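Before I ask anything, here is the structure I am working with.
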Amino acid sequence: MSATIPESARGPIEDLRERVAALHGELVRYGLVVWTAGNVSARVPGHDLMVIKPSGVSYDDLTPASIVVCDLHGELVEGELSPSSDTAAHAYVYRHRPDVGGVVHTHSTYASAWAAVGESIPCALTAMADEFGGEIPLGPFARIGDDSIGRGIVETLAGHRSTAVIMKNHGVFTIGRDAKAAVKSAVMCEDVARSTHIARQLGPLVPIAEDDVDALHDRYQNVYGQGGQQR
Amino acid sequence: MSATIPESARGPIEDLRERVAALHGELVRYGLVVWTAGNVSARVPGHDLMVIKPSGVSYDDLTPASIVVCDLHGELVEGELSPSSDTAAHAYVYRHRPDVGGVVHTHSTYASAWAAVGESIPCALTAMADEFGGEIPLGPFARIGDDSIGRGIVETLAGHRSTAVIMKNHGVFTIGRDAKAAVKSAVMCEDVARSTHIARQLGPLVPIAEDDVDALHDRYQNVYGQGGQQR
Amino acid sequence: MSATIPESARGPIEDLRERVAALHGELVRYGLVVWTAGNVSARVPGHDLMVIKPSGVSYDDLTPASIVVCDLHGELVEGELSPSSDTAAHAYVYRHRPDVGGVVHTHSTYASAWAAVGESIPCALTAMADEFGGEIPLGPFARIGDDSIGRGIVETLAGHRSTAVIMKNHGVFTIGRDAKAAVKSAVMCEDVARSTHIARQLGPLVPIAEDDVDALHDRYQNVYGQGGQQR
Amino acid sequence: MSATIPESARGPIEDLRERVAALHGELVRYGLVVWTAGNVSARVPGHDLMVIKPSGVSYDDLTPASIVVCDLHGELVEGELSPSSDTAAHAYVYRHRPDVGGVVHTHSTYASAWAAVGESIPCALTAMADEFGGEIPLGPFARIGDDSIGRGIVETLAGHRSTAVIMKNHGVFTIGRDAKAAVKSAVMCEDVARSTHIARQLGPLVPIAEDDVDALHDRYQNVYGQGGQQR
């Protein structure tokens, strides 16, 4: 199989395998996953390739070597294990969103709760305006096994500034310019899903005015952090 | 006592004692137990024997040597400590379900909450369809001390694809082809018990259509993971 | 001051200082305390003395040497630090309950929530029947500074089998034959306070019949564990 | 830039950089922050200077050397990284509250939930009377970028004994005589925000009478701890 990997992609792939293996540790640290239910992928820049978690492997056992390489139709290109059963959804996103370098999928608790009642998460916290630029939208119910999930992600995110989408009855997918940014989005999504849920138990949420949301999002995306590198 | 353990069972028993001792650590890691309240057992394949946690021993102090061996009527066969007070229930399951190789019992928080209101957990998340093939059913209230709990588990699970059962006013029992699979079921049961509970605080759950549940369960049981070994 | 400590109490006091310092680590491990808000004490058997946490010292800094010795009126007998500001309440319990060898006080989250609405915790879980023999009762609101809290604890527990009492607007006090048993009670109290609270969000609790509660409590107190030593 | 740092401030600044770097670890330990969302600052006593977290740097990567020095208008004085985007708010507090030596900002979950519904936290727990002397007040919604947040903090706290303020749709700011005291306030604020929220799910809170709140606060501020140093 490895015949299809150009020599120039070798170095980047080894680097990404290490990063992606380590980023799964962040899913564990922030309590977004149990057992094996969640995965991170990264596009191999300049190639029609991605690296992704193998299916059903526990986070303790995940090493850079166990991370598999697939093409952007989800077919295994290199690796001894089967790719994540969510690979087709990740691949669809990379094919249709050339700006996306990383994708994350989890069943994190509070995001999944919004999914189980089929509601988008309203924007009542400045942290959410900062990171997501408004609500986190709800995507359709879609069976696994074809392009339905991937299409649902891409079509739903098209109409929003959010880098996260709640898939109905399922969980959350997030995107980013690289895998770390997508992991950050997954962490922040669960954080605001939780705060906003807990708020709603107290009473009606106070929405943030649209122009305040715009201003907050613009500042955070352009001013926060160390020149963008360390956001 | 050890006279009743055939020589051919010696190796498997030592192996299972180590696995079962270690699997109790997973109950702790996933927050399913406090103090000493939860136990894992495993059938000794090909023998009318099981290994199980001793009663009232803390998870910190649990070593392979402290795991006891019982027959399938719950009588102690080998070990210096008394077996778990839930041993009779485990034994009943092994006697009546020859396909079962592992049993787990916990009072995990959210599963116990459903137990305290006497409700089964409805299926509104694809992760639940995957793992449990539909709702997690409610078994009867049963006093400890005779076969009532074991019979309640077996009779309730008979009508469902679920490997977990919520016992009314009590907690959860799970089964698996081996002890690790039963632990996974316990971990996933608490995870969906939690997400589904939290969802219901937001509003009415959106159920998943029956044929979607069937398709998801079938795929997960037959396609997910690495040829079934690492699920 | 140490003149008032008889030579025969020296060994037991050193032993208890070590145990009590270590048991505070269990409060941290089970998430029952933040910052310095919670304390464990132990009676020095056969002497009118107790050992207790010093006031306002963080759990990281707590060493056996920092644990102070007080008489049963809460007066400092030995130690370089001031005793816990809850010492008077612990002392009152030891004076009026000669069967009690350990006392624990926490503001654990769910127990405090029941306290803030002034409700006892109803018995809808077998784990609660096992450990507490019925409801966990509500004690009165009492200002710190005199015997009001101690008297509230003792008078409330007099009418119940429970080893835990929820003090209105305050938190929880637990008792035990020794400090470890009181810590176990505090751990189990928060566990059932949480499960029962979460259950009530789903709907009305299903109570356990009185004779079932009696049978469960009796069995657990007399049969569970390893002959009582390791419960 | 360092020309503006007087020699006499060098030692205190190095000391504060170490303390403030370490105190961010307490925000992580108590679960008050995810990713990079929360910051601690300290006034340099006797100088118009403060030290504060750099923007967008993860807590794992935070070293004393990475902590930056700003003047009390939020302008960078020394450091290789950009200061926290909340620096202007911290600086405003130091300019207008000479008694304040430390400021903390977090989006901790339960405090943020009260913020998202625009409610102050009522005082129904003695721990809250002790630490905050009554309710934790609600400050106004304010956009980041000018003095609005700082002014909202100072004006809201002026009318209360509380060292914490919930900023509408945003999160929490706390103050203290030093950075450690402000961190303690942030930890206790989230603790009572959580307990009080959870209580309100059970039913109406029982308020504590005003004179009891006064007495509790007075005792805690003047008697608790080891002569004030270790509170």
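Here are a few things to note about the model shown:
As written, the chains take the letters A, B, C and D, and residue 1 is the first residue of each chain.
Definition applied: a residue touches a chain if its C-beta (ideal position, glycine included) is under 8 Å from a C-beta of that chain, and two chains touch if they have at least 3 such contacts.
Here's who's who by UniProt: A, B, C, D = L-ribulose-5-phosphate 4-epimerase.
All values reported here derive from a predicted model rather than from experimental measurement.
Any chain that touches chain C and also touches chain D would be listed here, but there is none. Residue numbering at the chain B/chain C interface overlaps only partly, since under half of the positions present are found in both copies. Relative to the C-alpha centre of chain C, the farthest chain centre belongs to A. Think of chain A turning onto chain D: fitted on CA atoms, that turn is 90 degrees, to the nearest 5. With each centre defined as the average position of its C-alpha atoms, the distance from chain B to chain C rounds to 32 Å.
Averaging C-alpha coordinates per chain places the centre of chain B 45 Å away from that of chain D.
Residue positions of chain B touching 2 or more other chains, listed in rising order: 200-201.
Contacts between chains, counted with the stated touch criterion, involve the pairs A-B, A-D, B-C, C-D. Per the touch definition, chain C reaches chain D in the complex via residues 34-37, 54-58, 81-82, 85, 107, 109-110, 112-119, 141, 143-145, 168-171, 197, 200-201.
Those residues of chain B whose C-beta lies close enough to touch chain A in the complex are 30, 124-127, 184, 187-188, 191, 194-196, 198-206, 208, 212, 215-216, 219-220, 223-227, 230-231.
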